[in-house]
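Next come the structures, one after another.
Look at the two complexes coming up: chain A is in both, with chain B in one and chain C in the other.
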Partner chain A sequence: MSFWHTAQNLDRRIIYVVLFLVVTYVLIKPIGLPIVVNRETQRAYDAVDKLAAGSILFVSADYGSSSIPEMLPAEKAVLRHVFRKGLKVIAGGMWNEAGAMHDLAWQEVSKDFPDKKYGVDFVNVGYKPGAGVLLERMISDAHQALLGIDFYSKNFSDLPLMGEFKTMKDAKMVFAFTSGDPGEKEWVKMVTDPLRMPFATAATAVAVPGQMPLLQSGQIIGILKGMGGAAEYELLVKSPGSAIAGMDAQSATHILMVLFIVLGNLGYLMTRKQTT
Partner chain B sequence: MRREGPVIFAAIAGLAVIISGLFATDALKVVKDELDQWYLITTAFMVLVGLINLNLLHVRKISQKKEGWGYSIVLLAGMYFFIVFGLMRGSLGDAQYGWAYNATIVPMSATTFSLLMFYIGSASYRAFRARTAEATVLLLSAVVMMIGVVPIGRVIWSRLPDITSWILDYPNTAGIRGIQLGACIGGMATALRILVGIERGHLGGEG
Partner chain C sequence: MDKAFVAGSVLQNWIVALLTLAILSVLYKENPFYRFAEHLFVGTSVGYTVMTNWYTYGKPTIMKSIITEGKWTYVIPVVLGLLIYTRYIKNIAWLSRYCLSFIIGYGSAYVLRSDPRSLVLTQAIATFKPLWVAGDFLKTVSNWVLVLGVAGTLTYFFFTTKRSGIVGAGATIGKWVMMVAFGSAFGNTVMARVSLFVGRMQFLLTKWLHVIPG
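Moving on to the complex of A and B:
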């Protein structure tokens, strides 16, 4: 069997082993490639930065634990920015792991902000069923739509921040972390377009292309694109985290995949030439 | 009446919601709010339906000792553990339940998803071949995107991220808009067919 024939028919286990070794090596010995903030991330950052201190930001975790590597670093970076600005956060979501994801983010970020209190600066209302219908009902009566209890089963009457948040109109902006459906479309249809509310998202890399029409039409102000967007936001808030740490590995993996693709195509073209 | 009843009810409910979106009267708002409540309750109830279905499927698999029945035992054990533990302890606000959840479900979900790296890598290697002109365009776009979206792309060529952005902003957006428009029109057509009773697949019968 010729070299070119082998090149286009590599055993997949070779690909798996090489990928594993390259990713592991780069994670242990980072290269330190420069990260440049792109305009969509900057727009999302500027939109949050413009909010006045004391404003309420609604943060929606429309992702599950499988998207943690891309979404959780973004959420933590956004929370850090929000707390530094003196903003307040109501955290909910349309996915059933929303509350758990916000809990993970709050547990870590709150350690760096000991003056921020649960119930006063941050409330995790968790997941409530209904997707788009839930969002629509939150416009008229958020307490009823959210069933009056938070993720930890505390009554809203015991949480001072919920006294300031009666409907979605009391929030000044929505920031959604999305990885699929339901996600940004429900927010745009039901809340941010009817209320003309600023809306930014952090999306998994595969979900970004689907959000581009909304970005172009101005219905989404800015998008944090995958782990790269999360790394850029960490850079903007000057809090390096797992996203920045993962970018070198992502670069190495992508280059490796391109090399495999080129090798496979060279093998295909050379064997086709030999056949003809 | 057994088949006509659900069709008539679906038609009335659907029309009520559509008309309430077009004409904002108090009477229609009351009807819509009530239907929304029913929708929320039904959505929550679906979790129970899923639970029962999963149970039936895996208990049957275990009793008949079909291939992989051992995994079914693990699945049911894990499922009931978290159901019982959650009902006893409340939610993630409880330290022990939170530990169990964060120590098992979170890392296992993340790990399972991370395995995709290997499958996508192998699939990309095999799928992206320049067999035709269209396949070549797809291949070149994929290579440009893959390098342009990561930091090393800017190091290789400073204009590469701009080309990547152009691909996302123009060809991609145009294609996605067309697909989404088509999907919306298709969805509207299906919804109309359900409302007028032509489509009856959801009733378990012929469409």
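Moving on to the complex of A and C:
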């Protein structure tokens, strides 16, 4: 069997082993490739930066634990930015694991901000079912829509921040971490378009193409695109984390993918030539 | 730090690492470890979903809203929702159609009410771009690409006319634009999957094997 025939029909287990070795090596010995902040991430950052101290930002975790590598570093970076600006956060979501994801982010970020108190600067209202219907109800009466209890089953009456947040109109901006449906479309349809509220997202890379039309129309101000966007935001807030640490491995893997695609296509062309 | 807490964290990391390796083992071939991890994941996900929905919505609605606050009208949607389970009982399975018809009727109205403005009209208005931007050639080219791309893609889906002349040209442009878009979507999908793998490897190398500090 010729080399080109082998190249075209390479056993996928060889590809997996090479991928595993490349990722492991680059994670252990980082290359230090530069990370350039792109325009969409900068816009999302600037939108949060413009908010006055004391403003309420609604953060929505519309992702599951399977998207943690892309979404959790972005959420932690955004929370760091928000707390440095003196903003307050109501954290909820339309996915089952929203409360757990916010809890993970809060537990880690709050260690760096000991002056930030749960119930005063940050409230995790967790997941409530209903998707777009929930969001619509929150425009008129957030407490009733959220059933008056947070993720830890505390009553809203015991949380001072909830006294400042009666409806979605009390929030100055929405920042959604999305990986599918329900997600950004529900926010745009039900809240940010009708209320003309600034809206930024952090999306898993697979969800980004679907959000580009909303970005182009101005319905989304900025998008953090996958792990790359999270790394860029970490760079902007000067808090390097797992996203920046993973970018070298991501870039190396992409180069490897391109090489395999080129090899496979060359194999196809050369074997076709040999046949004719 | 408390020894029990540390021991618990170590045990947790080992369980997570072994389950990760079990799932990844399917890349070689199907095996009992992969099957076990897969079934464990499905069962845990379903259990978590059921309990989350009960504790975040079911229990507060029934205990607080209905029993404590006396909002007895909430009983109607609760009963309507429970009717879906009559599908499992052959004799009264027809009762589930009331629940389904309510969901379908409400769902259709919900989409018709909200989607046209935000997802159709606003998007259409966003394509009204100037085809000549004085002093900015790149912007002009970008606007032409956008307008031709949208027009071409829409033309591609005209199946009631012959694909010749301007319709044929438009459909060809649309086909190429869509291929570029699908390629971009595929590339983003690959990037997402790679990110997830890098995340898992970061966990294995930092929290489990402690090869990388962090």
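The working rule: the second predicted complex is superposed on the first by the 276 of 276 C-alpha atoms of A that agree within 3 Å, B and C clash if a C-alpha of one lies under 4 Å from a C-alpha of the other, contacts with A are read in each partner's own complex, and residues count from 1 in each chain.
Please note the rule applied: contacts are C-beta pairs under 8 Å (C-beta built on N, C-alpha and C of every residue); 3 or more make two chains touch, one makes a residue touch a chain.
This structure is a prediction, so every number in the text was calculated from the model and none was measured.
Legend: residue contacts after superposition of the two complexes on their common chain; A:Leu33 is shown touching chain B, with no touch to chain C. When the two structures are aligned on the shared chain, A:Ser66 is found in touch with chain B and with chain C.
Of the two partner chains placed around the shared chain by superposition, chain B is the only one that A:Asn265 touches, whereas chain C remains out of contact. In the superposition on chain A, A:Leu21 contacts neither chain B nor chain C.
Of the two partner chains placed by the overlay, only chain C lies in contact with A:Gly148; chain B stays clear of it. Applying the stated contact rule after C-alpha superposition, one finds that A:Lys189 touches chain C and leaves chain B untouched.
Judged by the touch definition given at the top, the superposed model places A:Val120 against neither chain B nor chain C.
By the touch criterion defined above, A:Ser242 lies against chain C but remains apart from chain B after alignment on the C-alpha atoms of chain A. In the superposition on chain A, contact of A:Gln250 is made with both chain B and chain C.
Counting contacts by the rule stated earlier, residues 12, 16, 19-20, 23, 66-69, 99, 126, 129, 133, 151, 153, 205, 208-209, 213, 216, 225-226, 228, 250, 253-254, 257 of chain A appear in both its interface with chain B and its interface with chain C.
Of all residues in chain A, those touching chain C in their complex are 12-13, 16, 19-20, 23-24, 27-28, 66-70, 96-97, 99, 126-129, 132-133, 147-149, 151, 153, 185, 188-190, 193, 204-206, 208-209, 213, 216-219, 225-228, 242, 245-246, 249-250, 253-254, 257. Residues 8, 10, 12, 15-16, 19-20, 23, 33-36, 38, 64-69, 99-100, 103-104, 126, 129-131, 133-134, 136-137, 151-153, 205, 208-210, 212-213, 216, 225-226, 228, 247-248, 250-258, 260-262, 264-265, 268-269 of chain A are the ones touching chain B in the complex.
Per the touch definition, chain B reaches chain A in the complex via residues 33, 36, 39-40, 43-44, 90-93, 98, 101-102, 105-106, 109-110, 112-114, 117-118, 121-122, 124-126, 128-131, 139, 142-143, 146-147, 149-155, 161, 165, 168-169, 172-173, 176-177, 180.
By the touch rule above, chain C contacts chain A in their complex via residues 27-28, 48-49, 52-53, 55-57, 60-61, 64-65, 110, 114-115, 117-119, 122-123, 125-126, 146, 181, 184-185, 188-202, 205, 211-212, 214.
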